[in-house]
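First chain A sits with chain B, and in the next complex the same chain sits with chain C.
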Partner chain A sequence: MPPRSRISVEVAKPPVDFAPSIVVAETASLAGTHRIRIAANTVIHPRAKLNSALGPITIGRHCIISERTQITAPDSQGLTIGDGVVVEVNAVVEAREVGEGTAVEVGVRIGKGAVVGKNCKLSPLTRVADAEVIPDNTVLYGAGERRVDASGTAGARRKLLERHVDSLRVLIPSNASKWMS
Partner chain B sequence: MAPFPTIHISCPCNDSISIAPSKSSASRKAPEHDDPEESDMTFDPGSARSNFSLFPLENLLYCEDCNQIRCPRCVHDEIVCYFCPNCLFEVPSSTVKTEGNRCTRNCFSCPICFASLSVTAADESSTSTSPYILLCPHCFWSSAEIGISFEKPTSITAQLAAKLKLPSLQPSSSSASSFSTPTESYFPASASSTTPTIASVETTLTPEEMYARLKTHYATQRAGSGTDEFGTSPGALSRLMGLYSSTLSGSKRTFGTSLGVGKQTAKQKPDWHEYEHVQPTHDESTLINKMRTVGFTGTTSSQQRIIQPHHPLFTSQLRPLAALLRTKRSKRCRACRHILVKPESKVTTTRFRIKLVAMNYIPALTISLLDPTSVSYHSLTPLNTHQFLLTVTNPLFDPINVTLATPQRTPGRFPTEVTILCPDFEVGANTDVWDEALASAGATSGAPTGVQGSQGKSRRTGKKTGNTGTVWDAGRNWTTVVIEIVPPLIPVEGGDSDAEGEKKITELDRIVQIPVCVRVEYETELEREDSLSALSGREQKEKREHTYWSVLGLGRIGKFGGVKSSEGSDTLGSMDSMPTRPMGRPSSYSVNKPSAGPGLGVDAFGASGMGAAAAVAAAVRGGRKA
Partner chain C sequence: MPPKQIKGEYIETDTGNKVSRKSVILGSQNIILGGKTIIQADCTIRGDLRRTVAPGQQSGNVAIAVGRYCFLSRSSVLRPPGKTHRGLYSYYPMKIGDHVFVGEGTVVEAALIGSYVHIGKDCGKFTIIKDCVRIEEGTVIAPNTVIPSFSVVAGRPGVVVDELPETAVEGLELKNIYRTI
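== the complex of A and B ==
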């Protein structure tokens, strides 16, 4: 299906708090009224959607927010994404918190107010229910199956991610000043 | 729900059984028909056996020598090569015989989620000396979880085998003493005592240990006896037989010592018992305790358990699974032994040397509703005329004459009325696309110069009239005709079933399946090795024909109440207004008829079909009035 063309409406720019080393693509969409805070070395791909209408959004360091993702704060308590989190294409994140080093893969939906622990992996197309709490090092895979990751490869993954961010920094032109003004 | 419409083609390999004469068509058979045997056979798609002979066209092959369709059931498979799907390494068949049908290199799949594992360097933080592990990129299972890591990233299979070898076995298998006295190592009590001690030994040995001991035992047995002894001397044979029986029974006999003892004890051979049977049942409490400690997540799912050879109960006992090998196969006709499909033997090439698929030989059928908006395939209205478009596409380089035949009423308890408006027509050759473009250009200019042009616009019209005897539309190598069906009214379940005292109405009764016999005639140039025809300068033409049954699954009969009577009577009225309604059915067409034009076809098929359709209309109207 071809992408639908939408009438672009001038949305009120949310107040932002950007670290100087972040990459925010020109066509990323940041909307809402609450503050959006993005820490150093984070990459926001084109056409990623961040909506802070209901609460503030905080994104940690070395995160990658891919295109066509929807990052929405569930309520006034806001959404906190930890360091080194990858949100892949088409994912919908409405969690209260996504822990450090977690990978949110393609098409994952995290329900409203859920809390995802550190170093989790949500495999493609898995679901996290509203207000669910996922403990640290959990792997969601297959048809709703879960297991605890005991491989101890979180450090290696983090290193790989940092190199990934470095390569993306070259590829994606950043225009953070669009929201800073 | 099965998607409609479906088109299946019946392979004649089963014809002695599946194409049985159905009673309905036999009773209506025309006595003057010249080939009654062929025409009486109406393929019954509802019969139990037809399921096994019906295939989509894509699954069928074609044998050029037999001039016949070949289905997966009537070809022989021959393995061309074995290869690992993961590393695409071709494995020689001798290796497959010795090492088994799994990849012996670095290809493993995850025991948890069955994704393929990758060899990765372990974290520096981990204290283990061996720096490499097998890691699942999907679920993060790693071989470190079962305590296995590797020294080098290559030849993982050998390393894994060494790691999995039980430490208790290593001294006994390596020491020279076990080879000198093989019977004692495998049957420690065999020389001296009786069965109870054997049983106790069996319980202490793990399956791996048993297998390893058995392996060394056989190796020594083979080494001890010369090769010429096998098969030649009856003594050696009986010794081998005795070896099998006593191995499994654990009788007192020792091997290779005296044949006389073997003959005596052969009578008192104890029962066989299964390998799994020796699992003790009295220590279930330890199992339960272990389950209590590891919890639900520590146990394996049934899928994970079944795929492993040792059926582990706990995830800690899981092993990485070596990738199963795949094969490339060539296919042979069962009747004439000619090769139908032969792939390139190299693993990485996807080309075929020989590929005789049926799609290149027999015309393809496609069918769709004439007006897709009027009715859904899943709820055809009973007693209402539905029009479908049947397109015949010609893959051959010669123009073909197609004759479609279908029973007037489909076999089954609730027969559907079928009418093919133009059962006899021509389909153009599968020529170059440019020829068609040039021909049509010539036709539009007014002068019917080309061969294609003279036929093109006048005979194969694309007027889309829906009149009887004319095709609906035609193109370069395809022709479309209209099929009309009248689905039967299926009585509502419950009240009616008691009155009839018959079987209950199944879902199969609600599906409209129409058997259509497709007969193709064409002339092709004769292929000849001898230069006789070439010398005479005339092209030898050969007339060929091919007939096959296909089954069109047109849809499912819905509820009658869905459409109100106004619409129903409208359609019936239009049916009456049709001047003639040909019925293509096997008993009423003559196969040797010289290409009947549209007009001729109407005369030949008209009368009976008209009567049937009018009768249905009258019956419905009569029912309404009453």
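== the complex of A and C ==
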């Protein structure tokens, strides 16, 4: 018996709109029927799942989408992820919008149609309810506590993130052409 | 006639590691398993995130080193920690001692984990966990934390809530679990 391929049968490939400088790992999964747009310098780790069955997904520049994440468009209005957003391992994002410079840490769940502002930090294992609106610069931590980050370090964080993206570009082999046809 | 070999869930290596066929191991050339370690299904190990070095420098090629009798439960993730140092973002090697238990769905980004450690869930970046520690389920350990020996850690962020008796080592041995699989 020949060994079976580990990658399951491909579901319909979604239409994609990729900038030339992005990194999409071979084993990342993009599914759905609506358009997935990914802007320049974004990294999609292996085994990340993007699903555009219900609406389009737009991802900004300098984003990092880690492995085992699920990025799903909540409805036909789609999901927009701003520039410089980091989505860490095991996170589930079904938001309407995730603002620029926001960090979504390990195991965070963002409910359907929620709107997360700019430069927020969602600490590991926190939850954002369905349709909730999180204002800019909010930090979610612990068991649902919140505070406003007034340190104004968003610019510095962004610089570090750009370096992170540069290093990942070397480490992760990209296979964007697999999705373009 | 030799008995027919049953194609089980696990692949056994020469040193007695049992690795599930359904686990996701990336960059296996950068991973060292000490022997008698069990890796369960759906477990992700990111060996591809190795150290990035300036050209001409000797490159360290070990990303993750795991000791003997470790147990990585289903859906757990081992991922080397990364940071920017002197303007260059790099991942740093992760070392795990012997008899380390990693619970289901846990994400480990620690720099160092000693021996006889029991981790329930989630662990922050660049943490150093010394020998004989118990981390309860649902604990989030802040980045760069150092956890002393014989402590019990719980909460978000994880703090030391209790101490383990010196006899706890026996209870944390994983030789018996290894035999059952």
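Simple rule for what comes next: the second predicted complex is superposed on the first by the 174 of 181 C-alpha atoms of A that agree within 3 Å, B and C clash if a C-alpha of one lies under 4 Å from a C-alpha of the other, contacts with A are read in each partner's own complex, and residues count from 1 in each chain.
FYI, a contact is a pair of C-beta atoms (placed from the backbone, for glycine too) under 8 Å apart; a residue touches a chain by one contact, two chains touch by 3 or more.
Given the structure is predicted, the values throughout are model-derived calculations rather than measurements.
In the overlay built on the shared chain, the residue A:A129 is in contact with neither chain B nor chain C.
When both complexes are overlaid on chain A, the residue A:A53 reaches neither chain B nor chain C. Of the two partner chains placed by the overlay, only chain C lies in contact with A:R68; chain B stays clear of it.
A simple residue count on chain A separates chain B from chain C, and the partner touching more is C.
Of the two partner chains, chain B is the only one touched by A:T153; chain C is not.
In the overlay built on the shared chain, the residue A:M180 is in contact with neither chain B nor chain C. By the touch criterion defined above, A:A143 lies against chain C but remains apart from chain B after alignment on the C-alpha atoms of chain A. By the touch criterion defined above, A:G107 lies against chain C but remains apart from chain B after alignment on the C-alpha atoms of chain A. Within the superposed three-chain model, A:V170 lies in touch with chain C and out of touch with chain B [touch as defined at top]. Chain A residues 123, 141-142 lie at the interface with chain B in one structure and with chain C in the other.
Those residues of chain A whose C-beta lies close enough to touch chain C in the complex are 27, 46-47, 67-68, 88-90, 106-107, 123-125, 141-143, 160, 163-164, 166-167, 170-172.
Remark: chain C residues 24, 26, 44, 46, 48-50, 52, 77, 79, 82, 84, 87-91, 105, 107, 122, 124, 138, 140, 156-157 touch chain A in the complex.
Of all residues in chain B, those touching chain A in their complex are 112-113, 120-123, 125-126, 133, 135, 138-142, 144-145, 297.
Listing the residues of chain A that touch chain B in their complex gives 121, 123, 139, 141-142, 145-153, 155-156.
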